[in-house]
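Input: structures, listed below.
Next come two complexes, and both contain subunit A; in the first it sits with subunit B, in the second with subunit C.
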Partner chain A sequence: MTDLTGGSPTPRQRPSWLSPNLWWLVIPAILFILLFFLIPVLSLFASSFDKAMPGQITFQGNFSWNNYERIFSRSLYYTAIWRSVWLGATVAGVCLVIGYPLAFIIARTFRAGTATLLTILVLSSMQLDMVIRLYGLMVLMGDKGLINTGLIALGITSEPLPLMYNEVGVIVGLVQVTLPFMVLSLIGSIRSINPALEEAARSLGSSRWHVMRTITWPLSLPGIYAGTLLVFALAISSYVVPALMGGWKVITLPIHIYQQIAEVGRWQFGAAVATLLFLTSLFAMALYVVALRRNAGGRV
Partner chain B sequence: MDDINPIPFTFRIIAVVALMVLLVPVLIVVLAGLNSGEYLTFPPEGFSLRWIENFFTSPTFLPAFKLSFGLALATTIISTILGTLASIFLTRSTSKAREILRGLFFLPVVLPGVVLGLALYVFFIWSDVGLARSLAGLIIGHVLVTMPFVIATVTASLVDFDLSVEEAARSLGATPFQAFWKVTLPLITPGISAGSIFAFIVSFGQFELTLFLSTPDLQTLPLAIYSSLRYAFEPTAAAAGIFAICLVTVSTLISTRLSNLKKLLSRR
Partner chain C sequence: MSDIRLEHLTKSYGDSTAVDSVSLHIEEGEFYALLGPSGCGKSTTLRMVAGFVKPSVGKIIIDGLDLTPLPPEKRDIGIVFQNYAIFPHMSVAENIAFGLKLRKKSRTEIDTAVRAALDQVGLTGFEDRYQRNLSGGQQQRVALARVLVTEPRILLLDEPLSALDKTLREEMKFWIKNLQQKLGITTIYVTHDQDEALTMSDRIGVMRAGQIEHSGTPREIYEEPATLFVTSFIGQSNILDVTCQGVKENKATVELGGQSLHASTRHLFGKGTPAKLVIRPENVLMGKEAEAQGVPLLTATVIDETYQGAMLRYRLEIAGQEIVAERQNQFHLERWAPGTEVKIGWTERRARALPDEKPAATGS
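Up next is the complex of A and B:
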């Protein structure tokens, strides 16, 4: 990526600091990742092929497919897989629909101040502790929450609407948490579209919507793919949102992992569910990286 | 220009909805923390600092806030040092392994938090060197998920760095270390600071990893708020939330000042 010689015709002799012999700089980080990331994660995956022994946490070395057979032979678990995937896809769709206009405004506004302000709002809402934001949502959406008490006071409904502790609540919670990632993925890609293209089409008589549909949207597709996959991967791996907004009634894969381990002590089985969750989100992330590459390569 | 490419009206409406989805929950937390009643009703019952005062005497939330702060600070220091050194390697080495390493360093944020938390927990118990359910174990987990943010930010500021400045210092007789310490480092300091603030915020709000690694006497702020949401809605939690909101807003403002916002958003 960076050309160290700076493109000068006669390669200068590099000072030792700039020479490729810089490994000592990265060794601490590599050791850290190796010891505290690769080894733990790989041994977790290995233990998912170990014979199931409730309460037994150490590695026994009895190879077996039992844990995976169990996942796919009980409707409980593949329902959870489907629920996770379905929720992730819905959340990605909703985020795209409501995130695109905001990203478009940030990317296209002529007032630099507005763009900066909006970006800071999106960034800080992304960085704020999720649990705090969920507190706000729960106060808003509960049976005795602001929305329901308001609706009842206005006489619109007599019974509180079931907004929380069900899939609706989980979807709203996940959208709240992942929307900033969608918006940030889209901004870069919309910004890289040359506005002259849109202006040309407009001046030739196309309607605003026609321009949007035939020029802006197709050219921002790399950002759309990237944002959608990122949101999908984040949504299926979230534990705290389904736990709080679903109230243990919407059982997704991460909830299963926690329950199997914390409540039943089935370590190997929990590890198998974790492996499955990781593979699903890795697959989405791999597609995300491909989309990003295209995004960077397809700039006009 | 404005009439050639105006923003469609529908877009403005939906954008307002999106902003409300993002900001209303935060606003609610602030209102709940400053409301005088036990439950937030509409209209609010009245303004009171009662929950804020409660927060300062609370046996759960104040220690949790302090623990989160200290944990984030320790995490930030370690991951800034490791991440900055690694970034220098990633931008300057010509080694082929660079791309693989870059991918490796980003893996911990790709892995779902629950999976990483479980893996670390099991590993700490297996290895049996006292890391299980300890502060050190928590710090290790947090460093894993914050280092990618440091690397991303510092790498971005190093890529744009003009190496000839450092070479000039070298040719004037500075040792490699002097050249780096006195010339390069001050120039990339904004990038490093932005990266470390980023790391701090990520660690401060980290929940899913902490869930597996903490114990009842190692309650971070997100965990304390989480358990109060499961069992009882305490407005004191909202008051604690207000302080976290201030902390995060200020940090975001500083870090966007330090790092070029446009550069982060437009991909190269």
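Up next is the complex of A and C:
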């Protein structure tokens, strides 16, 4: 067997069990990422530059900008890009507004039992299959759903409110699906804030709300950024929610991708749209990194 | 100038009582230390005065005003925390300005006050530094500046020096005390360090299991402790088992090893009850010194001598019990070898008779 001593260059930095001779343990993970992530994504990029040939899956090697020209010359796709980004941002905003108070309560609950219970409640919605949850939402929000029936019965409206098969339905659906991610991200961030800081602020005359604004919020920004990015990325790449809740009237990039690939068979074009989606996410991540760098100085 | 009155302040959590009916009156400008081991309730008491913990029973009255129903932000109290709690996302100047901004002071007023405060704590020029570039002692001073700049009614300090190293602690002890005296602000100082309490405070409240066992000046606490716990918590004590023969006018007659001795006491003992005789090592006189004082003498045997540089420490055996004597190491003093017999004694004023105590229970 190879000699395990004297491998570490700086014994103080590297834990003793992470001897360089055990590097081969990482190989399975690297292979997995290579095989199931890197290679597919790269071939997706490659396909997007291939000449559009309906029904042709394999890479032909005919370089052309056709696909991208097509995207940027039709308002249809511009609308879809804009809609995806807009939905993603709105969903992120709504999740933040709803999720922050919830995360704050969970993070600051004194009794460990209550905090765990609330966290489980938040996570419990993730235990059910997404489609089943969405059907549940449809029951709630349809024209003859619970909400509208209730509102009409109470006499608040005479006509059913259009909550489904439009952007409202999609947003509600996306929020329901992505909220746990925001909440979990925020809980970690808020918990890491020293409670003495909030107490110090209060003793200096700050009301609870003022403390939240000047102390808690700024110090939880890393968690806010992380949660927002995560929710945005999940929201813009969602296919099922816009499909079910939007009634095929809310066309987002993922729906275009599906249509191109599964319905029309234009793989190369679909790949181009998918690449665009990927770049949008990447752009959002770049913004996240910039924002984090500018605000990281304040972190405890 | 505000005085503080705590009336039957109690805090219970279910079955356990953290603070048990504490009543206290702290005079204007007084530096009052709450001293005790961890878990004795001193921090909880402080937090109730600050408003972070709601008392189960009792009132907190400052300057004649009942502050008990008020939230922390309305109490106008300054508090310095153990880990300083400097806002890391704000500069030193912004930290100090925090309370002033809340009081709607003008920009110029704030700037002047901040500069004056920094000057007062010796940190001029530190306006734009951030917490990550400040040492513990500097953060300590920023925390104080931040609090004092708002001119609070009273000042609360929660073990502010425990996170500092020894030399810095010594320095800061005097610095804080000086500042407090100069400003004349009524202060409650929570600590588990008896040295801090003895050197800094006007009065000390020694706490155990949620109650104040003895409240008095440092001298009273040290020389005339009310209970066995207080005497062993502060400084060193010899605690000897004796039998009490009777008490007359705060003077108890006790029997130790066949000899009758007197000790001062505040308690009443029946004839023949077992009691504890408490005498501090520095008050145990030996040999010629004991004879020269004219005090009742006892015969003891030396167990050993420990050389401590400035002090000499003797362990002695008397009537089957161990007693420690501490003497200053001055060149002309006699010394004794282990095994030798020596006459010892003490002034009765320095000896106290205290009732025997069961081991400390927690709360109720």
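As a convention for this text, the second predicted complex is superposed on the first by the 258 of 300 C-alpha atoms of A that agree within 3 Å, B and C clash if a C-alpha of one lies under 4 Å from a C-alpha of the other, contacts with A are read in each partner's own complex, and residues count from 1 in each chain.
The criterion applied here is as follows: a residue touches a chain if its C-beta (ideal position, glycine included) is under 8 Å from a C-beta of that chain, and two chains touch if they have at least 3 such contacts.
It should be emphasised that the depicted structure is a prediction, and the values quoted were computed from it without experimental measurement.
Within the superposed three-chain model, A:Glu199 lies in touch with subunit B and with subunit C [touch as defined at top]. Judged by the touch definition given at the top, the superposed model places A:Pro218 against subunit C, while subunit B stays out of reach. Once the two complexes are overlaid on the shared chain, A:Gly61 sits clear of subunit B and of subunit C alike. In the superposition on chain A, contact of A:Ile30 is made with subunit B only, not with subunit C.
Of the two partner chains, subunit C is the only one touched by A:His210; subunit B is not.
Judged by the number of subunit A residues each one touches, B leads among subunit B and subunit C. Shared contact residues of subunit A with subunit B and subunit C: 199, 202-203. Partner subunit B is touched in their complex by these residues of subunit A: 1-2, 4, 6, 12, 15-18, 20, 22-23, 25-26, 28-30, 32-33, 36-37, 39-41, 43-44, 47, 57-59, 97-102, 104-105, 108-110, 116, 118-125, 127-140, 144, 146, 149-150, 172, 175-176, 179-180, 183-184, 187-189, 191-192, 195, 198-199, 202-203, 208-209, 212, 233, 236-240, 244, 254, 257-258, 261, 267, 270-271, 274, 277-278, 281-282, 285, 292, 295-296. Put simply, subunit B touches subunit A in their complex at residues 1-2, 4-8, 10-12, 14-15, 17-19, 21-29, 32, 39-42, 82-83, 85-86, 88-95, 101, 104-105, 107-108, 110-116, 118-120, 122-123, 125-126, 140-141, 143-144, 147, 159, 163-164, 166-167, 170, 176-177, 179-180, 201-202, 204-205, 207-208, 211, 221-222, 225-226, 229-230, 233, 237-238, 241, 244-245, 248-249, 251-253, 256, 261, 265-268.
The touching residues of subunit C, when paired with subunit A in their complex, are 50-52, 71-79, 81-83, 85, 87-90, 98-99, 102-103, 130, 143, 146-147, 150. Partner subunit C is touched in their complex by these residues of subunit A: 194, 196-197, 199-207, 210, 214-215, 218-219, 297-300.
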